[in-house]
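Let me begin by presenting the structure, written as structure tokens, before commenting on it.
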Amino acid sequence: MSRLILFGTGRGAEVAHRFLSADSEHQVVAFTVDGANLKEDRYRGLPVVPFEDVQRYYPPETFGMHILLGYQQMNGLRARKFADAKTKGYTLASYVSSDIFRITPIDIGENCFILDNQSISLDVKIGNNVVVWSSNHIGDMSQIDDHAWIASHVTVAANVRIGERAFVGIGATISNGVTIGADSFVGAHLLVSGDTAPRSVSLAEGQSAAGIDAATFMRLMMARKKL
Amino acid sequence: MSRLILFGTGRGAEVAHRFLSADSEHQVVAFTVDGANLKEDRYRGLPVVPFEDVQRYYPPETFGMHILLGYQQMNGLRARKFADAKTKGYTLASYVSSDIFRITPIDIGENCFILDNQSISLDVKIGNNVVVWSSNHIGDMSQIDDHAWIASHVTVAANVRIGERAFVGIGATISNGVTIGADSFVGAHLLVSGDTAPRSVSLAEGQSAAGIDAATFMRLMMARKKL
Amino acid sequence: MSRLILFGTGRGAEVAHRFLSADSEHQVVAFTVDGANLKEDRYRGLPVVPFEDVQRYYPPETFGMHILLGYQQMNGLRARKFADAKTKGYTLASYVSSDIFRITPIDIGENCFILDNQSISLDVKIGNNVVVWSSNHIGDMSQIDDHAWIASHVTVAANVRIGERAFVGIGATISNGVTIGADSFVGAHLLVSGDTAPRSVSLAEGQSAAGIDAATFMRLMMARKKL
């Protein structure tokens, strides 16, 4: 059991608070936001303190942290806040749903958030700050690098590598041995049977993103809210 | 624990009887069918009584009901029988598999039938008489309206709305924020990234239903039995 | 509880050893390989004996066997070794993950290997030597014939028949009432809404295998390692 500070006061922080409280050994004791966004000093019944000097209130020797943010800026915001928290000296706790069947512990880094109803095969490696939402399959000996985001109902076959900060959309299917490039975007319901290039956008038939890099594409998609 | 009457003596009633008996606090005590279909007065070891005056045999003050029918007539038959049972004064019990991981109770109406191996995210709302078969993902804050049918291995992203009596086929993927129109049909293995119109038919590449409304389409499909 | 001999000393044998040891009533006591491949007399801390006369070391009256091999030669290698073990008089144990929710026992043959996070509906029949990896849905009253291989996140609707030695790739969706022909190959992420012919290859849009039978196709795919 450890006492955690959660970053943010938005939906991510709320979701993390609810899952960590109901289904982990951790106890959330406070929230922290960038000082410029600090409007209220309480959220969900707990104190909110400025991130700039969170370590004065909740020193990293005694408290852990967890940061669950959206995939904005191709996971760039999440990567940056994770790095900031590490610079401040925090250990970041990972949440792994108790609902996942395992015969051995998952090989996983810090600040991951992994929900229920998934199959994660043997000898999978998951880096730091990885989100694996619900109902995915991660195949034998696959590797998911830091800051990547796997949505829901994704099928990752065996010996796949998902690069840093890559985003894999709902219902995508990735064949054996494929490498998903760092910072690349894999659209919903896409079959990926060959490697994808760093920063590339790959979309299902009938959708296009000609000449657009993944960061730009995601910005446009988020504006449309139909990601 | 409540005592239930099941509507029908077909496969739906059999499946409901088996799941309710093995995995709920309810006890099935009888079956009821439309008088015109009452051929045998016993089914699966229990009495069968005519639906027209079921309330004389099993008064709604004492007994509950459950109705699991197929999606014939774009869920119209199910919607009608549900309304009839409500008119007679019954409370209809919902079945939710004990196998679904939840940190909070599901917000769900009457007479739903929700099977195993699913992820249902936070703050999902499910109306009355909704079927969610197996292995689906229903995303954060999505809403499923009355009488809808979600098949299996469907991915519903966040903030999705599934309209009344809509049918969503196996392996379909519905993007964030999409509205599936009332009475519309979403075919198997389709990516839906924009709203669908009421009564429309949407099908995967290579299949067509030009100029056909969903009710007609479903009638044709059921005749072919390859839905 | 029974004592088992595992065939092979490759990844399949390792995976079977780990799942059987951690999640079954069986105890693995030895490995066996074809004499020509017998390089070391120990594997994973247990004896390795030649398959040609395994019954002298571990008689089939006392020991069971399990064989988990890959889908090489369109499941032909697996089918052959299974037949050899039966000829020697062995009973082959099936592994079914404890993580699968069931209200009745699965109707299943010998030497199956069925992993976690799956929904297997009522009245499904599974033959001998069938592999059903993770996170699949097998619908009501479907039948999977001997030596077939179902990968992961496959959706098999109701009343489907999967023929002998057929291979169904990750993320495939098979509609109600479809028959997948014996020895046929269904590619990843494919919607199959009609029957497939014996020995045929069916692939998602954008991939082709014109004029190639399934056994040839699989040989080419395995060489590319992007199955």
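The letters A, B and C name the chains in turn, as written, and every chain counts its residues from 1.
Note that a residue touches a chain if its C-beta (ideal position, glycine included) is under 8 Å from a C-beta of that chain, and two chains touch if they have at least 3 such contacts.
This structure is a prediction, so every number in the text was calculated from the model and none was measured.
**Student:** Check the residue numbers that chain A and chain B use where they touch, and answer same if over half are used by both copies, otherwise different.
**Tutor:** Different; most numbers are used by only one of chain A and chain B.
**Student:** Can you tell me the C-alpha superposition angle of chain B onto chain C, nearest 5°?
**Tutor:** To map chain B onto chain C, rotate by about 120 degrees.
**Student:** Could you grab the centroid distance between chain A and chain B? Build each centroid from C-alpha atoms only and quote it in angstrom.
**Tutor:** Chain A and chain B have C-alpha centres separated by 33 Å.
**Student:** Please set out, as single numbers or ranges, the residues of chain A touching at least two other chains.
**Tutor:** Where chain A meets two or more other chains at a single residue, that happens at 117, 135, 153, 171, 205.
**Student:** Mind pulling up the chain B residues that touch chain A in the complex?
**Tutor:** 101, 103-104, 117-119, 121-122, 135-137, 139-140, 153, 155, 157, 159, 171, 173, 175-178, 191, 193-194, 205
**Student:** Which stretch or stretches of chain C touch chain A in the complex?
**Tutor:** Residues 11, 15, 18-19, 22-23, 97-99, 115-117, 134-135, 151-153, 170-171, 188-189, 204-207, 225-227 of chain C touch chain A in their complex.
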